[in-house]
Amino acid sequence: MKYLYYPGCSLRSTGRAYEESLLAVFRVLGIDLAEIDDWNCCGATNYMSINEHRAIAITTRNLALAEQQGGSGEVHIIAPCNACYMGLQKTKIYLDTEQGLREKILKTMEGAGLRYEGRVVIRHPLDVLINDFGLDKLKMAVKKPLHDLRVISYYGCQMVRPIATFDHEADPVSMDQVAMTLGATAVDWGMKLRCCGGSMTSTVPDVGQRLNYLLLKEAKAKKGDIMITACPLCQFNLECFQGKISKKFRDDISIPVMFFTQLMGMALGIPEKELGIHRLFVKPRPVTV
Amino acid sequence: MNSGSNGKQPFLHIKREADLDKEFSKRIAKLAHGEKLYGCIQCGNCSATCPLSPYMDYTPRKVIAMVRAGFRDEVLSNSTVWLCASCYSCTVECPKGIKITDIMYALKREAIIKKVYPRNFAIPALSRTFYDEVRAGGRINETWLLTRFYMRTNIFKAIGFIGLALKLFGTGRLKLAEKKLKDRQQFRRMVESTSN
Amino acid sequence: MSHHKEEIRIGVYICHCGHNIAGTVDVTGIAEYASRLPNVVISKDYKYMCSDPGQVLIGQDIAEHKLNRIVVSSCSPLLHEKTFRDALVKGGLNPFFLQMVNIRENVSWVHTDTDDANLKARDLVRAAVHRVAYQKELTKKKVPVNPDVLIVGGGIAGISAALTMADAGKKVFLVEKEPTIGGHMALFDKTFPTLDCAACILTPKMSSVKKHPNITLWSYSEVSEVSGFVGNYKVKVTRKPRYVIEELCVGCYACVDECIFKEGKFPDEFNLGMSKRKPVYLPFPQATPLVAVIDDKTCIHFKTGKCQQSCAKACDRNAIDFNQQPEVKEIEVGTVILTTGFKAFDARRLPYYGYGKFPNVFTSLEVERMVNASGPTEGHVVLKDGSKPKSVGIVHCVGSRDEKTNKWCSRVCCMYSLKLAHLIKEHTGAEVYNFYIDMRTPGKGYEEFYDKLLREDVHFIRGRVAEVSDWATTSDEEGKLIMRVEDTMVGMVRRIPVDMVVLSVGLEPRDDAQDIRKLFNISCSTEGFFLEKHPKLAPVDTFTDGVFIAGAAQGPRDIPDSVAQAGAAAAQALALIDSGHVELEPNTAYITDTLCSGCKSCLNICPYKAIAFDDEKRKSVINEALCKGCGTCVASCPSGAIRQNLFEDEEIFSEIRGLFVESI
Amino acid sequence: MSDNQINKQAIPANWKPRIAAFFCNWCTYTASDLAGVSRLKYPATIRVIRIMCSGRLDPQFVTDAFAEGADAVLIGGCHPGDCHYANGNYKCLRRVHLLKKVLKQMGLEEERLRLEWISASEGKRLAEVVSEMSEAILKLGPCKVKQVVEHYEK
Amino acid sequence: MANESKPKIKMAVYWGAACGGCCVSVLDVHESLFAVIDAADLVFWPIALDTKYADVEAMEDASIDLCLFNGAVRNSENEHMAHVLRKKSKILVAYGSCAHMGGIPGLANFSDRESLMRRVYDESESTENPDKIRPQHHYEVKEGTLEIPVFYNDVMSLGQITDVDYYIPGCPPQTERLVEVFMAIVTGQPLPPKGSVIGVSGLAQCDECTRKKSDQRSVKQIFRPWEIEDDGETCFMDQGVICMGPATIGGCGVRCVKGNAPCRGCYGPMPEVRDMGAKLISTIGTMIDLEKEEEIEKVIEQIEDPAGTFYRFSLPAAKIRRKLS
């Protein structure tokens, strides 16, 4: 199966390592990705706050481009960023279920010379790995099993909320399954879905940083060696503010936070350079040493 | 608001029926994909599951009660809705299937249209900046997004983030230039042809 | 085509139903309109046609105007067809010269545009006038009612119904799926609001059932096939092998004691898995019948064939029979009462409450067993480690009032939660918190019980618990289960650490409710509970005559309501039996010999095998006793040789024509 | 497209669709009663003819209704597996499938004949189906069968 | 035998939109022809006699005792003659399937005038008509105006045009039936009520058919006749072949089935049936012994041209008489 790939803006900047490691891992596993040509921003949460229909229109543009590029039949789009993933999903569902909205957006698309037929299927890399590729196959590809590593999976919000397609909305396990397949110990903790605050670390630092502090503190309390995420913003918040948070709350909460694809890359024996490990602020010593 | 009370403080907390916007809830229900908000049983599950409710002026449950009753000005001019980070916990856990996150979005948009959102609050400003960036270029360059955002709000606040920014540049996680859309004019036209 | 031999004289009556119809439909206008339709001799509107004066009016007009066909335009025929047919009989007319027009349920209650509603009402009345002209004189067939009754489900509802019927001298077959009767009530320690001992009131009833000469009790059995019709059902009951000869066993426990498993090893169903049992066991000491059962899934003999069969040797009555096979009993009964009960909501479906993850999160049923002196903890409310909880949180509405699980209120949870709060407090002295959305205590003495609890130092927090977690944020939360909730009275979100969480699970339809429904040809409501014929006027009847329902299979309800309903169902069944016979609708199919060419198209399509072929005449023959009147053969007979009383082709064609023939 | 326009022009101003509905006594007719008892609202377009089972539905009723002037025909029965008479609804299903194919050959729009399984508890579903169907028929305009039957074109 | 002294009855036979088979069937009376000639004068019979329309128009009203009108009404000439013959005849008989129910020409109601013209004058493989010439109702020539009949959009049965006394169905009608009817009229026997279908048995074909019918008919697949190996003994329906026999009134002597072909329904429906095609849809639909919607769909797909099959002889007389445009 061939997949179209929608990177989203963050995977080109703060979340660059996510893209690098994802592409490296998929290459090694032999999963084909083709980037959607001339894609645009998904609008994330901010765009919705200003103008919903425009937010849906710009996202539909991406879906229409994908259909154009993906040929006939179902077109599977992989969206690694949780916000993009949810944004594309939500747009598809609203267009599927709300006739008036659909007509309006299709008209806009027509004006832009595009056609959207509703043939897209939005997929998360975890979904593809588990349900298409298979954990058994992944297990066989592991070269350096991550024994004795306690991994804390942090799912963030928008991977299973509000639309849970491949994992449980209240108790997701997919990232834990991947970690276990890599040989690691998946630590069960109660905050895997609790919000990191998104852009609040920048807009309302007091609140945003406190939310992250609570998460990091519990991760440490559960004796995690490493945290993994599937969202560029979560990763950014949890990792890049650790210095500020430690200072502010006078508590050492330092813990490596990496993308799950980086952790996979390590286990698959992919060179660190290709996985963007050098871009991390907190070196993932438990895995690199 | 509160006309006829001569501005005397003791009357301020008394809300008269005439001061309420009776159509408000209908508008929000329409904007937020559904009539389900009328099914709210005030169980408070949304507030309890919300990671940000402790920082809000009104809890999400109270916001819904206020929307239903027509407390338009209170809800819109307040920071509460802007503190919603769209984590969707409330939407998923609501026993009545109310799309609470969508209601929060609808309230944000309503506040912007009515121009009553809290001016000194940073989140609407970020949304605005983000919106303009996408409309102009089709994609977000996080460097410029944040720069423009700080220019819009409080340039001095940015100072605290300079160290972080340098570190990001150092690890290649921020860039000055980003690949752009092929035909940005057409993109912009498309955006602007969509009314809400 | 039928040719009228007599002059057709139709009377049309338009009912106001107070304001119900007249509020939307122009009843006088329609009556006036109807008076101009063909064959209509008289047309009137009246406030309440179903009232005595309304019925008398029809009778008077029949006499005065020599009416021979009547159209009553009022409510649904499913509600009042019988009433008006009786009115025709009283007026000296054959009851089947009546046609009803449903202008209430089908018009005034569902349409808002009065012009459209009036147009529709006129069309419908016109169609009925056209149809009624073709209606024929018919007689109802009487069939005797078999006085025996089948009751399915041996919970408190089934037990009550069985005893009532048996005391009235009727022969009762009580079929129970489990090895013992007693149902959910047998699990409870105390009942609300009186706090009387459940066993003390239930077990005497159970043994009465066993002893009653009129009751045949088949436990560990299931109904596998049902055929026939009201008054004359044929039922097959499959008795599962329990490998113990029921007639010989005295429940002495010798076999259990001598089983090669010295200790219980398998989850005990009766204690919801909180204790262990052996492969040979008795569900509980008061089980009825008090007969051991061998579980062939865990018994060594059945698994390997290599057991020394110490149980069989221990039985001095030779009651153990490893060769027992399923046995099918065939019975004939006239009526059926379904009391198959409910299933408790599976708390695992709500992961945020941590059931199955945190050992000290229990369901209410588990706590019911715990507080029961004969339960797995001998009446002690304890945590998994055996210690007493210092604080307990009870979550109401688990699985209920939620669009994602069960939309309905389960009715009993508020009350049993209060009961458990009281019992836990009594047993442990712990701090007890009730988390509720609304407190629903409508019942005799219920609100008083709530009031008593409010004064018992039990905490009440209005709010739906969002999460039970082990995420400690302060030192006093360490090692506790933290319940996060908005105290909606105060308007603050609270975190409450407790040792034990009790999930008050709601009631839902049993998994096999659909199978039962299909067996007995009844309907279920959307949520899956058995559907009553009318929510108010026929709450224990079903759409299948002779089949009645009672207890929580029809909807969540408590013990007093279940018992009351069981009594009502028994009374309905008795009324049917004591009348001695039932009258069947005459809507059977019949064959016109002069048109049947013997093509045999009809033979294989009758689900009741009511059509046979007469080889001598080379024509099909319908056995009227077997025909249930669906009309499938009528529709598919290529020659138009099969016809149906009450639904003749010309009646329906005429109705269609009447609908469209003209519109004003 | 131009046909469509012609059709639309031909729709009389105050025309409202009339739908002949054949409902089985046990499920769909009861659902219509339930819709009434629940005071659900739907357009006054259907005219219900009660039959004991959807298995009694003779395709002649359908062609006759069209010929007499129905704009559409709705058939309601119990859900598969739920028939009060074991399987009459399946027999109806087969006939309706075949009938639909024939009516399609006759040039009748597919929307004009609809078979729905509506159980006794689905009053809401009934109201939805009638609303949907009325809307669809309103868009199509009056059915031409009666016109054709009454006036052969020379 | 007709009495010598009794005056001969006057008889007419007309041929409307039909293949001519009905006229041939009249000739098929063989030796009985002598009996017919003995008792009747043929005053009008276009296939055999050179009587002009004007001669018929000049006859006195009700001067013809018996008129057999075969063929459907397809054009203005057919219609005109239908009205004329009605006026001139005491007993007007719709003779044969076409006059009775529209017959095979009635299948043209699945099409319309314009597309038929287009096919015949523009598109058919053998047509060469570069000037796109179409027949005109009026055409001016040196000698004056030529008029040819107007070709109607719809095909009609005789009963849809004028008042008919009796119907004798069949494609063509079984000749013995004609003789029986004829003799009844000649000998002055009491006649059935007006509007009756005569020359029929009153029971469907199956009554006379000797093929073995199963008590447990269960059809899971439909075949065209050539797709099965017919054993000559088993009911066609039981073999999954569509036979119109169960819905077709008898009278023909099960001709087709005796020739090992399924009945095609030319004799028309049983008296209680109002729409022959719809009734067959009911019978055949019910017979399909499947419950899954996709499987049902599949079997129904196997029925080629169901409308044409079920309404082969009766489309103009059906409830929905033609394809809607």
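By written order: A, B, C, D and E. Residues from 1 in each chain.
Throughout what follows, contacts are C-beta pairs under 8 Å (C-beta built on N, C-alpha and C of every residue); 3 or more make two chains touch, one makes a residue touch a chain.
Every value quoted in this text rests on a predicted model; they were computed, and no experiment measured them.
S.K.: For chain B and chain C, which third chains touch each of them?
M.R.: A chain counts here if it touches both chain B and chain C, which gives A.
S.K.: Please give the intersection of the contact partners of chain B with those of chain E.
M.R.: Both-contact set = C.
S.K.: Comparing chain centres built from Cα atoms against the global Cα centre, which chain wins on proximity?
M.R.: Chain nearest the overall C-alpha centroid, as shown: D.
S.K.: Out of C-D and A-C, which chain pair has the most contact pairs?
M.R.: C-D
S.K.: Using C-alpha centroids, which chain lies at the maximum separation from chain C?
M.R.: Most remote chain from chain C, centroid-wise, comes out as E.
S.K.: Any idea how many Å lie between the Cα centroids of chain C and chain E?
M.R.: Distance between chain centres: 58 Å.
S.K.: How big is the gap, in whole Å, between where the Cα atoms of chain D centre and where those of chain E centre?
M.R.: One centre to the other, that is 33 Å.
S.K.: Centroid of chain B to centroid of chain D, CA atoms only: how many Å?
M.R.: So the centre of chain B lies 48 Å away from the centre of chain D.
S.K.: If you average the CA atoms of chain A and of chain E, how many Å lie between those two points?
M.R.: 74
S.K.: Of all the residues in chain B, which ones touch at least 2 other chains?
M.R.: 93
S.K.: Can you list every residue of chain D that touches 2 or more other chains, as numbers and ranges?
M.R.: 58, 60, 64, 87, 91, 95
S.K.: Name the residues of chain E that each touch 2 or more other chains.
M.R.: Residues 273-274, 279, 282, 285-286 of chain E each touch two or more of the other chains.
S.K.: Which pairs of chains touch each other in this structure?
M.R.: A-B, A-C, B-C, C-D, C-E, D-E
S.K.: Residue numbers of chain E touching chain D in their complex, please.
M.R.: 76, 79, 110, 150, 152-154, 156, 160, 273-275, 277-279, 281-282, 284-286, 288, 290-291, 293, 296-297, 300, 303, 305-308, 310, 318-325
S.K.: Mind pulling up the chain D residues that touch chain E in the complex?
M.R.: 58-60, 62-64, 66-67, 80, 87, 90-91, 93-99, 101-103, 105-108, 144-145, 148-149, 152-154
S.K.: Could you please specify the touching residues of chain A with respect to chain C in the complex?
M.R.: 168, 170-171, 188-191, 214, 218, 221
S.K.: Show which residues of chain D lie in contact with chain C when the two form their complex.
M.R.: Going by the criterion above, the answer is residues 16, 18, 20, 25-27, 29-30, 32-33, 35-37, 39-45, 47-53, 55-58, 60-61, 64-65, 68-70, 81-82, 84-88, 91, 95, 119-122, 127, 146.
S.K.: Which of the residues in chain B come into contact with chain A in the complex?
M.R.: Within the complex, chain B touches chain A at residues 31, 33, 51-52, 55, 83, 85-89, 91-93, 99, 101, 105-106, 108-109, 112, 122-128, 130-131, 134-135, 138-143, 146, 149, 160-161, 164, 167-168, 171-175, 178-179, 181-182, 186-187, 189-191, 193-196.
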